[in-house]
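My questions all concern the structure below.
Here the chain labels run A, B, C, D and E in written order, and each chain numbers its own residues starting at 1.
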Amino acid sequence: AGTLDDVKARGKLNCGVATGVPGFAFTDANGDWQGFDVAVCRAVAAAVLSDATAVEFVPTTGKTRFTALASGEIDMLARNTTWTFSRDVDLKFTFVGINYYDGQGFMVPKELGVSSAKELDGATVCIQTGTTTELNLADFFRINNISYEPVPIETNAEAQQQYLAGACDVYTTDASGLAATRASFENAGDHVILPEIISKEPLGPLVRHGDDEWGDVVRWTLNTLIAAEELGITSANVEEMSAAAGDKPEINRMLGTEGTLGEMLGLDAAWAKRAISVGGNYGEIFAKNIGEETPIGLARGLNAQWTDGGLMYAPPFR
Amino acid sequence: MSELAIDRNIDRSKMHVSDQVAIEITGMNKWYGAFHVLRDINLTVYEGERIVIAGPSGSGKSTLIRCINRLEEHQKGKIIVDGTELSSDLKNIDKIRSEVGMCFQHFNLFPHLTILENCTLAPIWVRKTPRKEAEETAMHFLEKVKIPEQADKYPGQLSGGQQQRVAIARSLCMKPRIMLFDEPTSALDPEMIKEVLDTMIELAEEGMTMLCVTHEMGFARQVANRVIFMDAGQIVEQNEPEEFFNNPQNERTKLFLSQILGH
Amino acid sequence: MSDIAYSRTEMLPEREPPASEIGVLGWIRHNLFSTWLNAILTILSLALIYYVLAGIIPWVLSPTWSGTSLADCRDILAEAGREGHFSGACWGVIHDRWLQLIFGFYPAELYWRPIAAFLLLGVALAPVLFADKMPAKLLWFSALYPFLFPWLLWGGPIWGPVMALLGFVIGYAVFAAVNNAMSTLLGLILGVLAAAIWWLFLAGAAAEMLSGILPIGLEPVESRKFGGFMLSITIGVVAIACSLPLGIVLALGRQSDLLIVKYLSVGFIEFVRGVPLITLLFVASLLLNIFMPPGTDFDIILRVLIMVTLFASAYMAEVIRGGLAALPKGQYEGADSLGLNYWQAQRLIIMPQALKISIPGIVSTFIGVFKDTTLVSIIGLMDPLGLSNNIRADSAWNGIVWELYGFIAAVFFILCFSMSRYSMYLERKLQTGHR
Amino acid sequence: MTTLSDPPKEGFRLSMLLYDTRYRSGTIQVVALFCFMLLAAWLLNNTIQNLAALGKPIDFGFFSEPASYDINQRLLDYNSRDTHLRASFVGLLNTLVVAFLGCVTATVLGVVIGVLRLSPNWLVARLMTVYVEMFRNVPVLLWIVFIMAILIETLPSPRAFRGDDATASMMLGDSVAVTNRGVYIPEVLFSRSLGDLHLFGNSSLRFDVSLDLIAILIVLGAGLWVSRRIKHRADGIQEQTGTRPTTWYLRLGVVAVPLAILLIALGFHFGMPALKGFNFSGGTHLRNSLIALWLALSLYTAAFIAEIVRGGIMAISRGQTEAASALGLRPRRVMSLVILPQALRVIIPPLISNYLNLTKNSSLAIAVGYMDITGTLGGITMNQTGRELECVLLLMLVYLAISLTISAVMNWYNESVKLKER
Amino acid sequence: MSELAIDRNIDRSKMHVSDQVAIEITGMNKWYGAFHVLRDINLTVYEGERIVIAGPSGSGKSTLIRCINRLEEHQKGKIIVDGTELSSDLKNIDKIRSEVGMCFQHFNLFPHLTILENCTLAPIWVRKTPRKEAEETAMHFLEKVKIPEQADKYPGQLSGGQQQRVAIARSLCMKPRIMLFDEPTSALDPEMIKEVLDTMIELAEEGMTMLCVTHEMGFARQVANRVIFMDAGQIVEQNEPEEFFNNPQNERTKLFLSQILGH
């Protein structure tokens, strides 16, 4: 049977997340998972199972995440994973979309007086290992013909500790991670993020190859969140808007007051409404977990709606 | 090694030898690797016989006796115990082992079981006797070896002589028809030796078939009806005790006797 | 020298020794300043102790128990007039998360279950560990406990463990029947076969049917919810309990004169002991599913349990082999001469003694495995070390290091230290008590 | 007297497989082998099916592809364009380095602590007990991260060495810098170097051996040989006359003088570390990760070794010391002639198995980012190529080979020192 | 403890006692912590004396003997051995230890060295004797204790009696003027006791000064010229052997003698 049926039969969605990345996936004191990636899992669970809490979060490491997905231990992986050719084609996963446009950047203490990554010759660089970061870094320095000293580190928390203690001059990881890390510093102003973004890191949820039905469910749940922001559907007004058909046909189709999109997905009509009402639309999720109001304090940047000059662009619901 | 005086009158009335064969060994040979330990052993033991086996250290006495209940395997020849041939057939081995009791030099009691449990273990698990009955039998034999009051102690709490007597009782509980003793007294202090020999004499008086490796010549003289002398893996001489001690034929026997009786 | 005869008429009384021999002074002289070298060592040690304690104690004594975040702690310390990086610990994180560190994500309303499971573990172990003081009847509970333990922790209908238990009963029944009718060896083979068939093909269906009819059970808890010390202890306990029978079999195999059996056992033991646990955990997390029939998917914790059990059983086999080797050959011969067969001799004579000798070794293997459970954090399980990373990802506690490590280390220390003391006590008892 | 006729000769019956000791062991072995093969076949079959389904047949081709990542601590030349095979090779050498260093320091520490635990000084003995219990009862992984954290947090960063208001300074006449990035020590340089010997050409296993080093080793070896001859001669004289000529200056001379001449000829000098740019440059850089792992492994293992040493010494009965002193031997001689030779027999077997444990524990290097074989082959290479099966199996084989080598040595040693008994 | 018959004629001709003082102990006291083990010991030993020390267990016999070669430290009083006073001066200790040989109950041979190496170790390292010469001396003394053929074996390969004789030879190789024996035979089997006592008698016959803690009363009677009885850390009685055994003065001595000679 397909994954969708499995999930329904099980009554739980198994969702792979990171073991702990500030703002993206972590647990609170009650043991509940929180974060930007976690919200995607919850939205999918709400859409499919009508219960945002029916998610089993599976913490995965850089090493174990793909095996967990390939072996069916998890139904989807929402763990800031970069969409690359080889992962898609060789490892045989389907990236259903992009929920965060990221790129690898550098953070340095202000007192070093560095303003460009090209000035980093001879610097010690803390890298949070995950495969793409090391490769980008090695390529960047090699192409620019400057030397560096890599210090590979497993977790963000340790990288942060080393960086703050001065055990490395530079911390490199995805720009979102840099910003989030910097935000938690006692004196955030003493550190700058260099302008170079040395890679494209489109992060998004992924599922296994070969189960398009399930891929569609996850893809369109993500699209719902993004489109909802564009269309002005929020957690506050979604009840009201889904109560009766309004005058915008796309909203009606999405919220199930018109057409049979839900059925086509193998879900019921109110799937999108439930997905949105868990944590709100994409913008709300962003604002609540990693936005400028939070300790993480990320600006929307590339992740703004296309209408605002960003790259967030959900295909139409029709 | 000294000649121990046995100071009671031994009742030889029951110690008659029947003409029923108990053990028949023909042309038996055994090797340890390339080392030829037992060479062409021929021996017939009749029911009720008390045979003492003597000989210098390393002459193969223990090995011979251990072959009889298959603690060691022989490679050539035949051993027939009570009509059953010892072969590699497990059923035969099991049968023979429950007919033949054995006492070791170092007693080999089970230290984690009480004396009573030591005695009832085999009847319960091998003979499938009900526990109650097995315990009664065990007490009977413990009384016979004169230590019924120790039944609930552990072997470690008894003296060597007491332990050896328990070992004898343990074998008797299987109601064997033949008893093998491998230097049962050589690990004991002089006073204790007497206790154990007494028990063995009593057994002999009741007509038990016994094969006993021992250097207690007093015992051999008074109880055995045949003494076998071994050397270099072969039976060198056998005779009735009086003849054996007073009038040994073979040179080696003479040498050996002069050594052990000498001092 | 002519007259050497001498007889004492009055006995001398005992006298006080010179002052330098007794009392505090004597003690100090003998134990701290007996030679120049010792005096120097004493002074150096005192300096070291002072230096370490002066560094640590003020940091530990920090009024931050109620802090709600790292920033909050810093405020509290600043108010108390303590500034700087090492001015004081932020104990708020322990206050906030200690339940999590102990129980992981286990539902709070069900905490009684792991607590009960571990308390009962003590009860089940008591007759084994303190054999001389406990009624033997309790052993029955010990025998049932391996089925009770997973049921308490994982929940679900009671029929699962009951059916598993039934497998043993069936296996034994078949064994006993065949053993009586034919041969022990055949009985053993058929018994294992019967139990295996039951477990593989029938038990599941039967359990399902029965729970349909009679739904008795506890609320199920997925193993993903396991975490913290509960996870470590669970892995340790299950691995040791399961590795014990496996280890016995392997040890017997290694001692056996059957060449194939012997080399299979040796191969397995040496292989497992020759590779680091972490590679076995990689196998658990990455490869085990590949080795199983397509489509099987079992839980990561179960997979880890399997690998850790295999790991522990190799070490256990060596411990038990040591116990077997310590038994005199006479015990085997004594059993043989009474007509006990191989299995009877093993069960009644050899194992009871060998296991008793091995208990200290088993306890230290357990301590080793328990400590090694921290390695599961490397494959993403939420053991205390894994949780500490997770907690540090919460922006409230981002930047906390020492408090978490210190707490975890302290708990490990207390548990392992008491166990090692216990095993030393056992060793001493065995030395004197095993006459 | 009855004569027993021969029992009828029986042919082979099926039941003999079960009851006859001759066949029975065969039966058991066949059953065991069959079960084993069945299990193996089942696993293999599953694996093949699964790999086919995943579309990843076993293939070691990825080893010849460029690794694309950098490794900081390395003994061989390596850059990100080198192959995965070379990266693994670099990792393997790193494993061996840390294992070797760890074993050496653990032994030294362990012996000192074990002996101090037996010290008559109460305080010292207690202190050592605390040390042993502390390290034995806390997981080694925790110690590794703990010590790494201590290094990072308490040592000064290179920045602290800079400027006029530097808060940290170099040690030992500006030749050693201890920073939280690691320790910089002077490196050995030769201005008239003889060059390198290139082994294995340009392959992934290429290996450079310094000719300077070879020359030094040869001279050193020759010096030691001559020194041994001198010692033998002294032994001979002692055996003949009872007194031993003083030879230490001669022995020192034959080793040191030629060596010094060679070093001068080669233009030996130290390359001092100096603060340049972001970091110290020049000198040899021992990374933090190496130091933390090395320290943690040696401190942890030393606790076990201390117990072994203590046990070994205590296993020698007091009577031995007393007998030796009663003969008039001085304490130092009692130790070296009587106690140590006996204690070593007890100590060495468990010592080696602790070396084995240390080597296996070095796989926890990933926790601090030290690129050993687990970090390269079992880490980034595996992550990058997605070849879990090949990588993990190979990784296990490597460790197994190391372990088996060590235990083979151990068995050989055990056999050779067994005490002769009756 | 039993009285062992010494069946050879003992040659007392050389066993004369000179009036040269070998050991002089005056007012010696020793404590273990607060426990007063040795109380006011006064003892003068002349050269050539053979002194047997007896007494109940725990009475301080071993401690006394061990104080003489400073295996234990005394706290009060004086011990002068061969004119040298025992103090914490290392040189004196070394000197005394090479003059005084000692034999222990458990032999304490060095198991990792051959018999010959055991015997040459101290001469080579302490006396700086050339190896060749040391080996010759060792063989001489091994012959004296009648086991020259075992020279290349290891202690573990010898019987207890042989080991104790090696231990004596080892001490003799240092050519001591005084020998101390601390229950040299109490860990041995009866046959072996004889071997060792024979060796000691031979030593005595050659005029060696000996202090011997032993309960072998046969030995004491026939070899010793003085028996010292200790109890509760003090010398209670001393006398010539005949007098001591036949006519003990002190109540405690009587009690003790009745116990050990009783059975």
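Criterion: a residue touches a chain if its C-beta (ideal position, glycine included) is under 8 Å from a C-beta of that chain, and two chains touch if they have at least 3 such contacts.
All figures in this text were calculated on a predicted structure; none of them were measured in a lab.
In summary, the chains found to touch both chain A and chain E are C, D. Steps from chain C to chain E, taking the shortest chain of touch contacts, total 1. Shared contact partners of chain D and chain E, listed by label: C. Taking B-D and A-D together, the chain pair joined by more C-beta contacts is A-D.
Between chain B and chain E the CA-based rotation angle works out to 160°, given as a multiple of 5. Relative to the whole-protein C-alpha centroid, the nearest chain centroid is that of C.
Chain centres here are Cα means. That of chain B falls 48 Å from that of chain C. One finds 85 Å separating the Cα centroids of chain A and chain B. If you average the CA atoms of chain C and of chain D, the two centres end up 28 Å from each other. The geometric centre of chain A is 40 Å away from that of chain C, both derived from CA atoms. The set of chain D residues touching two or more other chains comprises 18-19, 24, 54, 145, 149, 153, 366-367, 388.
Multi-chain contact residues, meaning those touching two or more other chains, do not occur anywhere in chain E.
Among all residues of chain A, those that touch two or more other chains are 63, 67, 161. Shown are all chain pairs that touch, namely A-C, A-D, B-C, B-D, C-D, C-E, D-E.
Note for the complex: chain C touches chain A at residues 71, 74, 96-97, 100, 104-105, 108, 222, 224, 282, 285-286, 289-290, 295, 297, 299-300, 378-382, 386, 389-395, 398-399, 401. The touching residues of chain C, when paired with chain D in their complex, are 30-32, 34, 38, 41-42, 45-46, 48-49, 85, 182-183, 185-186, 189, 257-261, 264, 270-271, 273-279, 282-283, 286-287, 289-294, 367, 371-375, 377-378, 385, 401-402, 405, 408-409, 412-413, 416-417, 420. Across the complex, chain D meets chain C through its residues 18-19, 24-25, 27-29, 31-33, 36, 43, 46-47, 49-51, 53-54, 119-124, 127, 133-134, 136-142, 145-146, 149, 153, 360-361, 363-364, 366-367, 374, 378, 388-389, 392, 395-396, 399-400, 403-404, 407. Across the complex, chain A meets chain D through its residues 62-63, 66-67, 70, 86, 90-92, 111-112, 120-124, 129-131, 134-135, 137-139, 141-142, 148-154, 158, 161-162, 165-169.
Interface residues of chain E, counted against chain D in their complex, comprise 69, 71, 94, 97-98, 100-102, 104, 106, 108-112, 121-122, 124-133, 153-154, 156-159, 167, 170-171, 174.
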